[in-house]
């Protein structure tokens, strides 16, 4: 079992906002992250696939193929987008990095051609990152 | 003459948009960077001050003091803000990294307590960065 | 279950020294790391908390709150300190990165407001790092 | 149980090529990675050893000793080498990063003086990395 | 005048070898870098263009356009290639990073659509990098 | 003219302290950096040599030779040392990164075998770095 990781990046706008809360509550709970005029980040995404090595190729899976899948099902939907209003797969979710991580897992889990999706990591800043393993 | 550099980071939303252009022209010239629903970045800022070493302190200037100045005159105005609509010192400018770099220079050039402002650098993504030296 | 990581840094002095050993033994076992005049490092600390996402906030826990806890219970006690003589929670321990990692775990394990402490990592240099998971 | 990691780097040439395949098949499956005139990488290797802390030293194991073992059994055989033709422990293997990771595990697993080999990671580019844990 | 930098990466094989020297001289002068079976690197390239900001766009030049030029005139000729035998613009040159840096400058200097080429940097390893400014 | 850079690292202890000042003044001016029990850093050093390429070798100078010179005249004197009390070439200087940068310049300026020393940079933390060019 080898764990193969592909890294991609995207840049997006968001705000943390729960429509159940008043504006004052949103401001108190989320602070500057709730700015109604938006802010944004350069996100780094790491997708880890676990599997056996195919002896014909020496690959768990072709990472160029994995890259294409990540672009099709994730990057196209988030890069240079507003995560609150434009990303279909984030609809109804507060776009915290935690929720983004799980939503990306859900986008990818049935699309992996060989091996199994093992982990999705999102680095939101150089000081904050998040991982989800489907558990 | 020693060049002393202080690094800070901020996260902001923006879009590239020139009000003189039609929406079609903005979309053609700026591509996905002109998305009307915004996107954003983690920006890294490097401020370089050139000066003689003060023999009493061994410092060109106290970088803790420089940090305070950068926060007061730059970071407070851009971090978790919308650079198109909320940052006073960017008013009337297309918020490209190039223009942000010069605008930050203008914010800081008269605030340096010792030595002289030598350079301002903005890293917009891991692949794109910009420097201005007041020339 | 999402794993949320907060990164902080600190700079400290230390020497590797076991009082049970003679000076010659300390020098032989620890080499230049046992220099009696001290040396130091920029340490990077990563604290990982595992938990369920709170649907009200989209957070495992508020990382700003976690940051405050790390500063209060760890950073204040180690940053710009001598780990052998000044850090109460390292008393009686040889300040290897391994022991620092466990001592920081012990400082934090009962202070996590939501979720559970999952891992503490210390990067001592760009080539050496250490992780403890409470096992 | 603490996980102690040592990082080393090496630079090598390789090509992805399965002698069972025709040249056309190799080109189709491996693309530019199959260039018969070779290409190469700066590889980063991380070796993780898991073990109890020795109370006499505060170490899981002496990382200087681990470094020596990695150099002797791995780096000398791969640094500034051709992984297809010169590295004995890669003979008969397609030199994908996946296969390199397992081959390095096999080189090291019986050489660890204290604790147990827990993981071997190879970073082939800034976007692709691989881990093997002996499972 | 703003300095705009675009970063790209490529992976290539090479050996340091001067055909005027005997094999023994090549081995003595270049050491392991002269291995006749090749080795390789992940190279990082930074291209700096200096120019005035166009007030219509806020750009010195469109970095997407610069990226396309770098790919066309540089990356296509070096990525997953053998720099000694396959790269036309390195013909007759010992493929040291110094010579690569100047050769890339010569490839690009007349292709910059706005502003002027100011600097080309090549990072060969994490410890060695090189810059050429056309002087 | 090519600028060739070699990067090295070292770890050292220091405190900022001017013997002309009272303890209170040292504490006020230098803050936690003046802790009498020391603290320390992982320093990164970059040495830049400017010169013409030797057509016989393709080198400005052999960076392995430069590495040896940096180790002999700098690293041996600072790595795992106390910069206030043990480093001969820092005697009489407050060991700020500014003064370290100039002192390293002075150690190296007459030792460069080909080309000329162009710049010495010291990174003291990820947020603070310093450069000296002999001007």
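Per-chain residue numbering starts at 1, and chain names A, B, C, D, E and F are given in the order in which the chains are listed.
The rule we apply is simple: a contact is a pair of C-beta atoms (placed from the backbone, for glycine too) under 8 Å apart; a residue touches a chain by one contact, two chains touch by 3 or more.
Note that the structure is predicted; figures quoted are calculated from it, not measured.
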**Number of hops, chain B to chain C, where each hop joins two touching chains** = 2
**Asked** With respect to inter-chain C-beta contacts, which pair, A-B or A-C, contains the greater number?
**Response** A-B
**Request:** Would you indicate which option in B-F, C-D or A-B repeats the interface seen between C-F, with over half of the contact pairs matching by residue number?
**Result:** A-B
**Request:** Round to the nearest whole Å and give the separation of the Cα centres of chain A and chain D.
**Result:** 29
**Message:** Counting only Cα atoms for the centres, state how far chain D is from chain F in Å.
**Reply:** 34
**Request:** Spell out, as numbers or ranges, the residues of chain F touching 2 or more other chains.
**Result:** 126
**Fill in**
Contacting chain pairs, sorted by label, are A-B, A-C, A-D, B-E, B-F, C-D, C-F, D-E, E-F
**Asked** Where on chain B is chain A touching in the complex?
**Response** 9, 11-14, 32-33, 35, 37-42, 79-82, 85-86, 125-126
**Item:** Residues of chain F defined as touching chain B within the complex
**Value:** 16, 18, 20, 29-31, 93-96, 98-99, 101-102, 126-133, 135
**Request:** Could you please specify the touching residues of chain F with respect to chain E in the complex?
**Result:** 1-8, 53, 56-60, 63-64
